[in-house]
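See structure below.
Order of writing sets the chain letters: A, B, C and D. Residues in each chain are counted from 1.
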Amino acid sequence: MSKAVQTAVMGVTGYAGAELARLLVRHPRLKGATPVFLGRAEASRDAKVPTLGEIHPHLHDSHGTGNLPVEPFSFELMEDLGVEVLFLATPHELSRELVPQARKRGIRVIDLSGAWRLEAGENRAVYRFEDEGSADALQMQAEAVYGMPELHRAAIHGAGLVANPGCYATSVILALKPLVQAGLVEVEHGIIADAKSGVSGAGKAPTAKTHYMYAADNLSAYGVFGHRHTGELLEQLELPADGIIFTPHLLPIPRGILSTIYVRFREEMTSAAIEACYARFYAHSPMVRLYGTTLPQIQQSVRTNYCDIGFQLAKDGRRAVIVSCLDNLLKGAAGQAVQNLNVMYGWAEAEGLE
Amino acid sequence: MSKAVQTAVMGVTGYAGAELARLLVRHPRLKGATPVFLGRAEASRDAKVPTLGEIHPHLHDSHGTGNLPVEPFSFELMEDLGVEVLFLATPHELSRELVPQARKRGIRVIDLSGAWRLEAGENRAVYRFEDEGSADALQMQAEAVYGMPELHRAAIHGAGLVANPGCYATSVILALKPLVQAGLVEVEHGIIADAKSGVSGAGKAPTAKTHYMYAADNLSAYGVFGHRHTGELLEQLELPADGIIFTPHLLPIPRGILSTIYVRFREEMTSAAIEACYARFYAHSPMVRLYGTTLPQIQQSVRTNYCDIGFQLAKDGRRAVIVSCLDNLLKGAAGQAVQNLNVMYGWAEAEGLE
Amino acid sequence: MSKAVQTAVMGVTGYAGAELARLLVRHPRLKGATPVFLGRAEASRDAKVPTLGEIHPHLHDSHGTGNLPVEPFSFELMEDLGVEVLFLATPHELSRELVPQARKRGIRVIDLSGAWRLEAGENRAVYRFEDEGSADALQMQAEAVYGMPELHRAAIHGAGLVANPGCYATSVILALKPLVQAGLVEVEHGIIADAKSGVSGAGKAPTAKTHYMYAADNLSAYGVFGHRHTGELLEQLELPADGIIFTPHLLPIPRGILSTIYVRFREEMTSAAIEACYARFYAHSPMVRLYGTTLPQIQQSVRTNYCDIGFQLAKDGRRAVIVSCLDNLLKGAAGQAVQNLNVMYGWAEAEGLE
Amino acid sequence: MSKAVQTAVMGVTGYAGAELARLLVRHPRLKGATPVFLGRAEASRDAKVPTLGEIHPHLHDSHGTGNLPVEPFSFELMEDLGVEVLFLATPHELSRELVPQARKRGIRVIDLSGAWRLEAGENRAVYRFEDEGSADALQMQAEAVYGMPELHRAAIHGAGLVANPGCYATSVILALKPLVQAGLVEVEHGIIADAKSGVSGAGKAPTAKTHYMYAADNLSAYGVFGHRHTGELLEQLELPADGIIFTPHLLPIPRGILSTIYVRFREEMTSAAIEACYARFYAHSPMVRLYGTTLPQIQQSVRTNYCDIGFQLAKDGRRAVIVSCLDNLLKGAAGQAVQNLNVMYGWAEAEGLE
């Protein structure tokens, strides 16, 4: 048996980082090499490092994950331990900084931030990256593969830098790609993606919007005509700039995304034809579950790495409502990152994800 | 001062009936005549009648509403008491039965069910009314006024039968009517109304879908391309049959509706022009709050009779996202019923509603 | 008719302050004099002052409360306007500072903080007041009346400084006082008060504990053997230091407190005798609702100023479980403050509270 | 390697049954023999049997558990398949009926209902079993072992009938047993167990109490001085009939139990001594996590099979508050049932549970 792959995770204090830690520790292919968990380097290396269980009490256990230390970030430590793959669950600014350094050292990176997902400058503009246009940035952008295995399996397999997709973007792209690529959708008409996400999508920082009193018993739309994930939709679906309206909403639930998507078809369709189009596209994609004309619900995909897709066709055969659900922390973040790891190493795509 | 108007409410066991009871008991114009509460007639008139507080513990109080009896339904009782206005918070089948009888006795009716809201037979089909086409039914349909004061104030003032609008319908119609009536919306393009409602909208009967475990931490779409309120949208907005796609969702909150509505304009618009259009239309409508380009949230209208409306315009000036919020039990049901009562008697429209 | 009483509220940015603003604006006895809302004085007096609706969007309305300005705190302004009563919905440190100044100017104060509730130094210790023992502090402590009308009606009527009780304390004291004062409870045995509160009790500041992800789908105990409200229980119930164990819990709901209280009786009791004891004590207290042997639930008192009390007696007649519910922002804070105002001016105790 | 153990589960339609199905399908020791799922026998054997995924959409998947059939209950089928262990996730009446039949056929049974948990007739009285006193019932009662491995590991290993404990009972017994058995607790003083459970504990049937509108934003106590689990507490902790007051509450969360337990010690204790007592008792119990003087929270044990225990000691060293948390569907039901299976077969106690 070959040597186990040594992985590291930078940024385990957030929700996605915690999920990633949980998944990697239990991953059957990584049994021989405990993942290394890394946090901000500010803490002196002499100071007592916290354990994962101290940071995330729900990962506390008598004998496993919870006792693993969270070391200050250091390329030296990674070199010493022979880290092959580095996961970044960090803010995008930090990913812009760390990725070029990691690549120079030959470490493969799976970056969960929005730092390297976008090809077109006008789509990246919303992030206001400070290193925009630098040699490092240009090279990384050229190298980065959009980490959605269902669309880019082969490229991910050989990739040095995988840009793990946004949670909303995953739910909308997977629902639309088969139909759009088959040329069925009248894209000139415009697509509507009305998406709703649980509060974990808003991050762990306590803010006015993540306060229980704001989120509970409420629903609010935000980022209308300007959410960062819009660029991913445009690029991956190859849509014109006004080809889709994407409206996120904050749901009073901990986790889960449901996107309700409205398309017009070029020609009259049947439900069977639509089902067949999806089935063909996802024939070899174990992490997409097709519901046919039944509509999935958030509860069914939460705590799984599945993206669930169903639809309903209008009587005229020209208009459809597509509903797509996933867990924003799994298929929308940490789970998809592990799926990408599996693809990079040629393992079964669902390993460690069920 | 003139004699107080005697009112009665049939069907106080449900959520809308309870809100109605609460509002009528406290209504300043009804002080001289305690509203009569009525329930199913099956119970023998000799049996001890329950009090409102026994049916709705939250209406329990030491000295007021909670002690009022809920009498078995009876036209004789209403006649004895001189009931002028009967509110029906009953299933639509029962409203179809009771309304013609009430009208023959000269009682004015505000019906909260879907029984008399629709003019066109094809829109009514979804209800499968047993008396469809009967003389009584035809007469009631002719007489019924759609009870949305912002659209039909004058007709409501003189009406014998007011068909109180559906909760979803209220939120969508109020958001769209000013723009559609002004001819600004490209209706041929199709409008999308993606609506989300709290669980009280699903009624008080314990069912698989109202079970806490189904609704909590979940979101689900339902009634796609076939919800009963669609007919109200088509008729009140005068749209062609395929002019709007209306998709309701079940939100994990007790009450409140948020509708996210997508329209295309015939010509390039400015936000100011849209604001002006709304302001003109609702200049004399105290129960609509205009948020301009700020988007309202569910929490802000819950437990009020307001419908809150805001919007965002795309840079191209041709596409807009409109967000409309209201409390499904108040502006979406009992509150609007009281608003209609106020209009019928020429009282200030917001009386008893603040 | 006499001149309207001019009131002011300092600290309207928090949840209790917002409720207070809402109640005072609608209070029938205050119609002639709009309450003055005050906030931190840091903002220059020249700067545009925010409106209440800007601070609390749910108080936004087209024509009322929402448009009222929130002025920087100033005794001069209060003097100019003839403020008679000042409500303080401020942190206790600030109340310690402002109250002596207000009293010197002859303004009557209703303080919602914990600054002046406690008589015994050992109970105050947990607050670590900086001015402990100063002349001003001693005088204010001597003057302060514990603002629970059901216990101290007469003293509140004439009081210059009313220390509005803590939310938990209100729920526990009202449930126990009648039984303890009648000598029925075996206090040496020890009383247990297991209390649960909604998240608004934790304040408006975004913290790790008020984050939706922490509070939702969770329950946690805190402040065991050390919560600040314990001193209020000891003093108002005249218990020895170890006479009660009070354990608060954070409930995943926006508002409401339920306290489950365990007592042992000196002698065998009947339910009827217990009911009679409560009925006697609260005969003239309109804001306490007695449920007898039915147990109240949080939903029934939320958004009311009632404290609901019920109990169950063990077969041995010696042990009882008492359940007491109230809304932490109303009877537990702003509502009780208004009730105290009513008592101070000799108005009906429930005025403006129904 | 020995032949795989063939298991069957009767009653997979409920929440505990669904969890059991999920756990058994993934259990590493059961890989060679797919568990058999059984439902009510009423359905004709010819009729198409439903799949697990049809009954529980969240168990829907493309390739696994969801496609397993749910056969009508039949001992013949079990005999044909060589079922060794039958899990009953059935109402207690049905368990009383099926268990004697299964035992006569030599099938080992793990019964999740309350049918066989209690030894003393006075504790069983609350269930009103129809077969009380019959020869079968007496024999089964004699044979039944209370299925809490932490207390009865050896007896469970050889048991033919394991009575899986109640969810509340598990949380209270595990928190108290070490201290009570060591003689530290002054049981004559009386113990208080104030317990709070999520809604899944109330079962899958839609009722007025499981309606979202009843449970959400609410908290209610129930079953005071009469809950069925009380007998388990008395027997397993060997307490006198009035030795404990157990008060359950319905929490607005899907799953999880938190019990706040109040004890008085015979002598002055230190926290260290209490910690040592727990540590000794649970030294070989992998499914109990000891938090020392930190208090566990519901979120930390939900979706695990752990029971988390922490405590706080009063300054007098005589009174303690113990907090115990678990997932009512796992350690409180299906997880503990699998733990019992592991003990019965001498496998590692935590297998298939992490």
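Keep in mind that, in the parts below, contacts are C-beta pairs under 8 Å (C-beta built on N, C-alpha and C of every residue); 3 or more make two chains touch, one makes a residue touch a chain.
This one's a predicted model, so the numbers in the text were calculated from it and none came from an experiment.
The most distant chain from chain D is B, comparing centres defined as mean Cα coordinates.
Work out the mean CA point of chain A and of chain C, and you get 47 Å between them. A straight line joining the Cα centres of chain A and chain D is 37 Å long.
Centroids of chain A and chain B (each the mean of its C-alpha atoms) stand 41 Å apart. Chain C has residues 214, 216-217, 252-254, 297, 299 in contact with two or more other chains.
Contact topology of the protein chains: fully connected, every pair of chains touching. Within the complex formed with chain D, the chain C residues making contact are 189-190, 192, 194, 196, 214, 216-222, 224-225, 242, 245, 247, 249, 251-254, 256, 258, 260, 262, 264, 295, 297-299, 302, 312-316, 319, 321, 323.
Contacts from chain A toward chain D in the complex involve residues 57-58, 60-64, 217, 286, 289, 297, 299-300, 303, 306, 354. Interface residues of chain B facing chain D in the complex, by the touch rule stated above, are 15, 199-200, 204, 206-208, 210-217, 252-254.
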